[in-house]
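Input: structures, listed below.
In the two complexes below, chain A is the common chain; its partner is chain B in one and chain C in the other.
The block that comes next holds the complex of A and B.
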């Protein structure tokens, strides 16, 4: 790279950072105050682009038309944010931690289909910014004038938000609520209004970030999920609640990406390294490095202990052997009466149930939320497939060795993760999952790259779908039983102690980190078992088994069923898989329908399905007594 | 009043209807179709319309084997695991005769392998990957669409003619982009051994940093660019490249960019002079295309996209295979599909017995802009059979069984 291209790539990076910063700043504000992991933030960004496109068409491609469209679009997105907050989130602030994630996930589904319905499937290429459509020459190279404007907008918005936070009463309240929202409430501040206003400001920032992109990016339906992961990464790398940190992180990641592209392919010691391909994962690499070095992000401070908004977690009740036995008998009997497809569907459900139970184990009782649990599911699937296909092991051996491989990865990843806590820990698990994903995705000669691995079918004696179902039931059922049993062992008790009070747990001599690390390895191995059973039931595996989508599915299953119950994840896995299959078959806009069903469950059962039904049952019993 | 006798009589009537009703009015032949409708809606909405048109025409003409046809569609979520499950559902619950469809390469390959395992016919509609008929080909899988290799090969003569020495390459980082790039490099090098590939950019699909990529390519000072971008990536690349003057004095080749799905959103910014493969729907005057176009526009009040042609031709292939087989027996269907010839809106195609690839062709031309819209200028149709490697090469790649 010459000096001039270094400068230009630096400017490119800064321009890209601008929109990323706006979106992340909004996310950071919302998370700081409400503690909601707002999945729908990317959808708000997407709506910003679509809104700006339509408004520019309506107002005309003049400077006034363009800029008023951008502002109006941002404000309109702010209103959408208010609607989401008032109609949905406000009703579930007291639900168990992370439950709101489920609601925002449903909102993503609904907004995506609304956008598809309103704006159609075709990409909408917006106009260039009037008056700024030309390029400016810097050091003999051209850069769009609009990019230079974007570079300026970033710091301007940073300054504005900083002033808002430090010089106004509203800002003081927001900062106070970020530190201790219960105290703010106790001092007589109307929390509902504060939350709504924060949601408005955060959404406006997301909408503005989107609207400003319209000359650079066509409005399309993939934008929501494309940006949300990046926005979370930036928020966490910068340090939660730190707007300046978010700016810094956005610049680092934007510039790093631009340089990866600028460097292109280089040859070191005879090895060809394509930095351009590194753009797939560079933000997650940066996040992993930052979090390992600085557990609270670049400018973040250790989180003040948050008093939990929800009631304390109820003690776990061991499942009764009799009930479990009835279920086992029922499940064994299904293939005798049901059609072939139900057996196939149940095989999927059984795999996902173990996946969800293993995730529940780590995020519920062990108190370590994982956003990247698909890593172990997917690596287990790949381990099984590759041991069978490349190492030539018999299918049965590959199936049973796969969990060990997934567990081995958990040994490494877990060692780093247990050193963190809260959302930082969750995001580090996501980073490791994404790094694993990108390696699998790129390593064509070994993992089959983006195509995956094919022809991994079970041995002849297991080829029959009913037989394979029994195998899946045996493997995954044993896994689930083992995890549940462990929860009531001294090991499980120690983990729960560590979740409820790390300080006291350490004080009575529990080596908490060691225990948590062991828990990581255990659930990693069992998620790997689920993955390998899944892989052999499909005959093929692709990188999507390690993707963010798969991790999210796991979270949805656990939360849907109820994170505070033992059987919740199993019910969640069954209901989610079954409903999705049924809905997708019967309606065209199945995502919106799915989203509405989840929202309904969220609003009716803020403890999840099993938690909610249990509460209903208890109340009914009390009334009878 | 509802008495027991009433009830019994009613039930008996229903049972009788269930048993004998369908025999009187032949049940339709069911064909199972799966695709990633929600993941690639821009291509697949027109595709679905193409399917509907084909089904309507076939049934209006009396169906096939004296029975009407019915296409049962499922969304595979763009995920191979889900695809295999819905394929199972189509076969075991809907009792479809065989499978058609799919879009992304990984889903296509997973379903192809599944078809081999279940020993059913699978006509892959859209996946472009070469592997589905070559490296991972199997006896049960046939592919309609002009593959990555074929489309790339179609552009090679123009590329060779230009005698450009320094080439830069940009492609979406997954199977399609990777194999397009590999094919292009190999084919161009054969024809023009002194060619030099000076830069290679592989942005993630749907997430290109277009400004940085355009700059990096410009830094390499190429004489020509080969790109396989499409969709939003293509639109961003075109805009940044134009603003930054990347395309000045540089010839650009771009697979797929002439398809209405990807060309039309660019509107007046469609990059003039680019060599592309695509579908100049308004200018094709062959009788088979005119017939298709008229019927399509009459039914949907919209013009067809390439997806429409693919959807339409896939169903027609399925129907012709059934007709030729004269039965729904899998072995007979496979035997019929191998070497099957049929008329599509793009003319006659043949599913080659050697590798089960259809010889569907594609249109090659250069982009121009008229009335604020991009179109393909000076296009020519290249028959698919002229863009395939030699039989010896194919046999070497394709597994024997």
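The block that comes next holds the complex of A and C.
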């Protein structure tokens, strides 16, 4: 690389960093005050892009039209943020944090379909910025003038946000609420208004980040989850709640990505290394390295514990094996009366039930929320498929070896993850899932790339759908029973003790980190089993089994059913899979319908379906007594 | 000015307050005494709405407040100074005071930063120091000053003397007497009987979430069996 091309890549990186910084700053601000991990933040960014596109069309491709469109789009997205806060989040601030997360997933689904309905499924390519479409020559190479402007906007916004936070009363309130929002309320500050204003500012930043990108990238429906992954990485690398940290991280990651593209394919010591393929992974590698060295990010501090008078998690009730047996017998009988369609659907549900139960094990009783649980499900699916297809193993052997492969990945990923806690841990799990996804997605020659793997069918004696359903029931049922049993073993008790009070657990001699690592591997292997059973039932696998979408599906199942109950995840998996299928057969906009159903449940049953029904049942019993 | 009748409150499922009743008038310092875990802090938090009362009445300035959120209660002129100080450690002294600022109210004394620095001279020299880099005594003064910025007519003080050096405790007692002089009503929780005797006009004794005694400090001083039974460790 010559000196001039290094400079060009640097400028490219800095230009890309600006939008990333804007989105991440908004996310960080909102998280700091409300403690909500706003998964819908990427959707707000996406709306910014679409909004700017439409407004430019309406206002004309003139400099005034363009810049008014950008600003109006950002403000409009701010209003959307206010609507989300006032209509949904304000009602559940006292609910457990994970439930607020579920609500933001639902918002993602709804916004995606609103965008699909309004703007259609085609990518929309915006105009170049009028008046700035020329290129500037730097060291003999051309760089778009608009990129230079973006490079300047990043630090300007950083300065503006910094002034807002340190020089105004609003800023003092925001910083105070980030540390102790209950105390701020006791001093006479209306938290609801403060939260709404923070949501507005954060959303405007996301919308602005999106709107400014319109000359650089087409508006499309995949941006929401793509950008939220980037924004999570940047906030975590920079340190949650640190705006300057977010800027630093955005610059580091933007530049690193630009260099990966710029370097291209290089041959070192006879090995061909494709740096451009690294672009999808490089930010997650940076994040993994930063978090292991600095568990709170570059400029972050340990999170303040918010004082909210929430009830402690009630102890789990042990599984009732008799009831479970009745269910198994019922499930065994279903194919005798039901048609092929229901049998196939039940096979799916059984796989997702084990997936959800394994996620519940790690996030509920073990207290380690995973945003990337699909990694193990997907890796299990791929391991099964590839052992069968590429290694030529018999299907039965491939099916049973797959969980071991997923478990092996969990050994590696888990080693890093158990070093962190809380949101940082959740983000790192997401990072590992994305790394796995992009490797699978790009390794055409081995994994089939974006097409996936085809022709992975079960052996002849299992080919019949009913027989395969029994196999799935046996495999996944055993997995679920094993996880439930383990929860009530001394090992499970130690994990639950570690969740409730890590310090005390370690003080009585529990090697908490070791136990958590073991738990990670156990659930990884069982999620892998679910994935491999799923793969052979479908006959093919695609990278979407490892995607963020699959991970959030798992979270929705667990949270929908209720994280405080043992059976909740199973019910959640069944209800979600069944309703999604039923809705998707009737409308193209099934996401919006699902999102609204989830929001309704969130607002009506803040303890999840099973928890809510239990509470209703208890109240009914009390009234009768 | 502040009247509590038959107040019940829960922490999760634990029933902490079992029908607490007490009263505090303008210009009066009232001490709520009791051992660790007797329910003193919970009583103040329930009055302030931080622990929602399950049952009972709280009347402040002839207005019922037991169903109001904390910020509304604070805006009516009831100030709350928490036990663990809860200073905003990232914010400077001036910013901490800014967060506490509310508009003035008719009857209550109006405070400014300068007036507060006269009451707590130690704070005057550290306007730009972050709250996290102050000593315990300085933080205790700041937390009271921060609450006073809301111009309250009545202040709830949770263990103002806890963990402070004897000389600072002296200063604290002096400050509380000055607040009384300004016409404020002060309800404070204490384990330190000596400190209470130095500042309070009347006292209640709370045990297991119930009021066991209410009377003047002189009555309490005369009754050694009462002190023996409920206060000595």
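Heads up, the rule we're going with is that the second predicted complex is superposed on the first by the 616 of 625 C-alpha atoms of A that agree within 3 Å, B and C clash if a C-alpha of one lies under 4 Å from a C-alpha of the other, contacts with A are read in each partner's own complex, and residues count from 1 in each chain.
One rule holds in what follows: contacts are C-beta pairs under 8 Å (C-beta built on N, C-alpha and C of every residue); 3 or more make two chains touch, one makes a residue touch a chain.
In this text the structure is predicted, and so the values were computed from the model without any measurement.
**Q** Superposed on chain A, are chain B and chain C clashing or fitting side by side?
**A** Chain B/chain C on chain A - fit side by side.
**Q** Scan A:180 for contacts with chain B and chain C and give back first, second, both or neither.
**A** Touch status of A:180: second partner only.
**Q** Which partner does A:327 contact after superposing on A: first (chain B), second (chain C), both, neither?
**A** Touch partners of A:327: none, neither chain B nor chain C.
**Q** Once the shared chain is lined up, is A:348 touching chain B (first), chain C (second), both, or neither of them?
**A** After superposition on chain A, A:348 lies in contact with chain B alone.
**Q** Which partner chains sit in contact with A:488 here, chain B, chain C, both or neither? Use first/second/both/neither.
**A** Touch status of A:488: no partner.
**Q** Is A:169 in contact with chain B, with chain C, with both, or with neither (first, second, both, neither)?
**A** second
**Q** Could you look at A:67 and tell me whether it touches chain B, chain C, both or neither (first, second, both, neither)?
**A** After superposing on A, A:67 lies clear of both chain B and chain C.
**Q** With both structures fitted on chain A, tell me whether chain B or chain C touches more of chain A's residues.
**A** Looking at chain A, the partner in contact with more of its residues is B.
**Q** In Å, how small is the closest CA gap from chain B to chain C once the two complexes are overlaid?
**A** 38
**Q** Determine where on chain A the residues touched by chain B overlap those touched by chain C, and list them.
**A** On chain A, the chain B and chain C contacts do not overlap at all.
**Q** Which residues of chain A touch chain B in their complex?
**A** 1-2, 5, 8-9, 12-13, 15-16, 116, 121-125, 128, 133-135, 141-144, 147, 215-218, 220-222, 226, 257-258, 261-262, 264-265, 274, 276-277, 279-280, 339-341, 344-345, 348, 441-442, 444, 449-452, 454-455, 457, 534, 538-545, 549, 581, 584-585, 588, 590-591
**Q** Chain A touches which residues of chain C in the complex?
**A** My answer: residues 11-13, 48, 50-51, 69-71, 74-75, 80, 82, 86, 88-91, 95-96, 98-102, 146-147, 150.
**Q** Would you pull the chain A residues touching chain C in the complex into a rising list?
**A** Contacts found on chain A: 169, 172-173, 175-176, 178-180, 182-191, 309, 311-312.
**Q** In the complex formed with chain A, which residues of chain B make contact?
**A** The contact residues of chain B facing chain A are 37-38, 41-42, 44-45, 74-75, 77-81, 84-85, 88-89, 92-93, 105-106, 109-110, 112-114, 117, 129, 131, 136, 173-175, 178, 199-204, 206-207, 209-213, 215-216, 218-220, 231-232, 235-236, 239-240, 243-245, 261, 264-267, 269.
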